[in-house]
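Several structures are given next for inspection.
Presented sequentially are two complexes of subunit A, the first with subunit B as partner and the second with subunit C.
Now for the complex of A and B:
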């Protein structure tokens, strides 16, 4: 029942997104702009993997910060949140939005990574390890961003507040994931990254459980 | 009762300041007289963490009971915690200048206190961006809890990434306290004195905030 309802919330978000292109168009442009700024900042120089990994995560972080809040802000701006509250419980709303944000982030990150590799000549020596770290890092990123998006959708000055609130919460994750992707791109074996992957998984689980428990206080008036 | 408590706080803190500066310090390699910062820096850091978790505790109580009293307590804890966090950063940074050669060099301990400052800042930014009293209380409580569950990750992550140069007479792997008895006495009294000072300030702060809250509801 819960899973079915969350799937319905996800499907509703997806189809309304495909109809209106509320987020996708601006985010695609955002990704393009960010990547080209990186390209012009580097120029023709061949930068080290250590710097490039940092630049990659700047692009990923700011794309998710500018995009992930939309799911909740949209409900408040278009005043559809009351209808959503009437139709289903808070647990299925947060789960559905989480799934939607995950799909959005994974597709955007695939695009960012692809463009980034093409433009900056970024060499990844241990690709499977890199992708595993990226996936688990993104899971944590999405779950923390989603609950904070729910918080700020009720506040004034939503746009500026979002990075301010999410950065300190995301920083433990970001430090770990930047370090792990850097190591993987330099060719460190996957089993040596196991400690970092454990941290990423536990971060994801802790934050998701906390958001599932707390979301009803944010959502219900 | 309150008078006794206040004079006790006054006595202990004056004693700590005088003894902390005047008492001879045993010869500690590479630290020497700089070790005196311990009497002030460690209590400040301890209180900023204590206030952070007290704020989280009152946030949980608020969400459970919806009693506005707890929100006022949580907010007061956060305000005092922020003050002590700034003091801990300043004393630590001064000490770092004379021991490590620069005020700020992103040592893991410095990074973690920086995060704590950021979280406090974000919490106040969130509170000032919400107009309705109930919404503000609810949302800032949720944020305080979310922030508090992610903070412990620093304890496990930071040592994995970079070696810290921070001396650890209190929290070390052997679980021993490496201090001679006169230092230990001053240190323990500093810890007690500043914690009592914090509790006394917290009591005042909560009372002031309550008066403010009642005044607001009368005006409305």
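Now for the complex of A and C:
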């Protein structure tokens, strides 16, 4: 029942989004503007991988921050959350939204990476290691962003509260993931990134479990 | 059919230090109907939200039982229906998609779902508009769709909060007919100040007596 209802929530969010394209369109514009600004700032020069990795994660972080909060905020603003509360348990809702946010984030980040590599001539010397780090970094980012989105959807000043709440929660993840992607892009072998990957996996598991346990209280009041 | 019972024991709700109601106890069984009365802002909707499980009370308990066996919270979804102005369906989905989604969430199996959706859409005369997105509906049509959302699962406890709001006379007749039918095998709880709505119920409770 949990998996079936989570799938239904995910499917509903995906159909709504594909129909309205509210989040997708605004995020695509955000990605294009960010990447263009980076291109204009760098000009014809080739920046170091240390700087480019930082710029890449600025684009990834702010795209996620501006897009992922919409899933819960929309339910509260349009007063559809009551119908959801009357129809299924909180576990299905958080799991469904988490899957939707993952699909959205992975799709957008694939696009960001592609554009970023083309525009900035970003060299990735250890591609498998880089992708592993990117996948686990994104999983943690989505997991933390989703529960924070649920919390701020109840508040009046949603726009301001989201970055304020998400920054301290995401800081350990960002430090680790920026460092690991930088090392992978410079060609450090995957087995030497194992420590960072372990931290990213642990972060994802801890935040997801905490989200599943806490969401009931956020959702019900 | 199993008998159903809802028992509220000493419910209290306080918002930002203001007492909405306190020590409210209530016991209703199959065939009972009650109207909740009180001025605007007195807490009628808050009580409906608490009874239907949307928000929690600060104090007290609510138990729903079937044949004297308490029903776990996760199984209550299929037994509760709510019509209210603060409940909206998804504007960007069609009427059929909305009903399919919520029926799917509430039931283990999809057997007979399409037939039920077709029956209720025909009953409120929305069948021809079933494939239009809800954002194109008038407020009365949305209210009728919300009525289907509330009753399609044949709930044992039906909550109605200002049920005749935004409805034309035909829509009001459908609501009253639904309520009358529902009363025979379930529990009906109506929050209202409308004299016609009050007539639907055999007893009443004034929320202002619990301040």
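In this section, the second predicted complex is superposed on the first by the 221 of 221 C-alpha atoms of A that agree within 3 Å, B and C clash if a C-alpha of one lies under 4 Å from a C-alpha of the other, contacts with A are read in each partner's own complex, and residues count from 1 in each chain.
Going forward, contacts are C-beta pairs under 8 Å (C-beta built on N, C-alpha and C of every residue); 3 or more make two chains touch, one makes a residue touch a chain.
Nothing here was measured: the structure is a model prediction, and the numbers come from that model.
Enquirer: Could you tell me if A:171 is touching subunit B, subunit C, both of them or neither one (first, second, both, neither)?
Expert: Only subunit B is touched by A:171; subunit C is not.
Enquirer: Is A:12 in contact with subunit B, with subunit C, with both, or with neither (first, second, both, neither)?
Expert: It touches subunit C, and subunit B stays clear.
Enquirer: Is it subunit B or subunit C that touches the larger share of residues in subunit A?
Expert: When the residues of subunit A touched by each partner are counted, B comes out ahead.
Enquirer: In the superposed arrangement, does A:161 touch subunit B (first), subunit C (second), both or neither?
Expert: After superposition on chain A, A:161 lies in contact with subunit B alone.
Enquirer: Look at A:39 in the shared chain and tell me whether it touches subunit B only, subunit C only, both, or neither; answer first, second, both or neither.
Expert: neither
Enquirer: For A:179, is the partner it touches subunit B (first), subunit C (second), both, or none of the two (neither)?
Expert: first
Enquirer: Does subunit B (first) or subunit C (second) touch A:147, or do both, or does neither?
Expert: A:147 sits against subunit B, while subunit C stays out of touch.
Enquirer: State the interface residues of subunit B toward subunit A in the complex, per the touch definition above.
Expert: 63, 115, 118-119, 121-122, 125-126, 129-131, 135, 138-139, 141-143, 145-147, 149-151, 153-154, 156-158, 160-161
Enquirer: Looking at the complex, which residues from subunit C come into contact with subunit A?
Expert: 52-56, 74, 77, 80, 82, 84, 86-93, 97, 101-102, 104-106, 108, 133, 149
Enquirer: Per the contact definition, I'd like the list of subunit A residues that touch subunit C in the complex.
Expert: Touch residues, subunit A against subunit C: 1, 4-5, 8-9, 12, 15-16, 19-20, 78-80, 82-89, 92, 220-221.
Enquirer: Of all residues in subunit A, which touch subunit B in the complex?
Expert: 144, 147-148, 151-152, 154-157, 161, 164-165, 167-169, 171-173, 175-176, 179, 195-196, 199, 202-203, 206-207, 210-211, 214, 217-218
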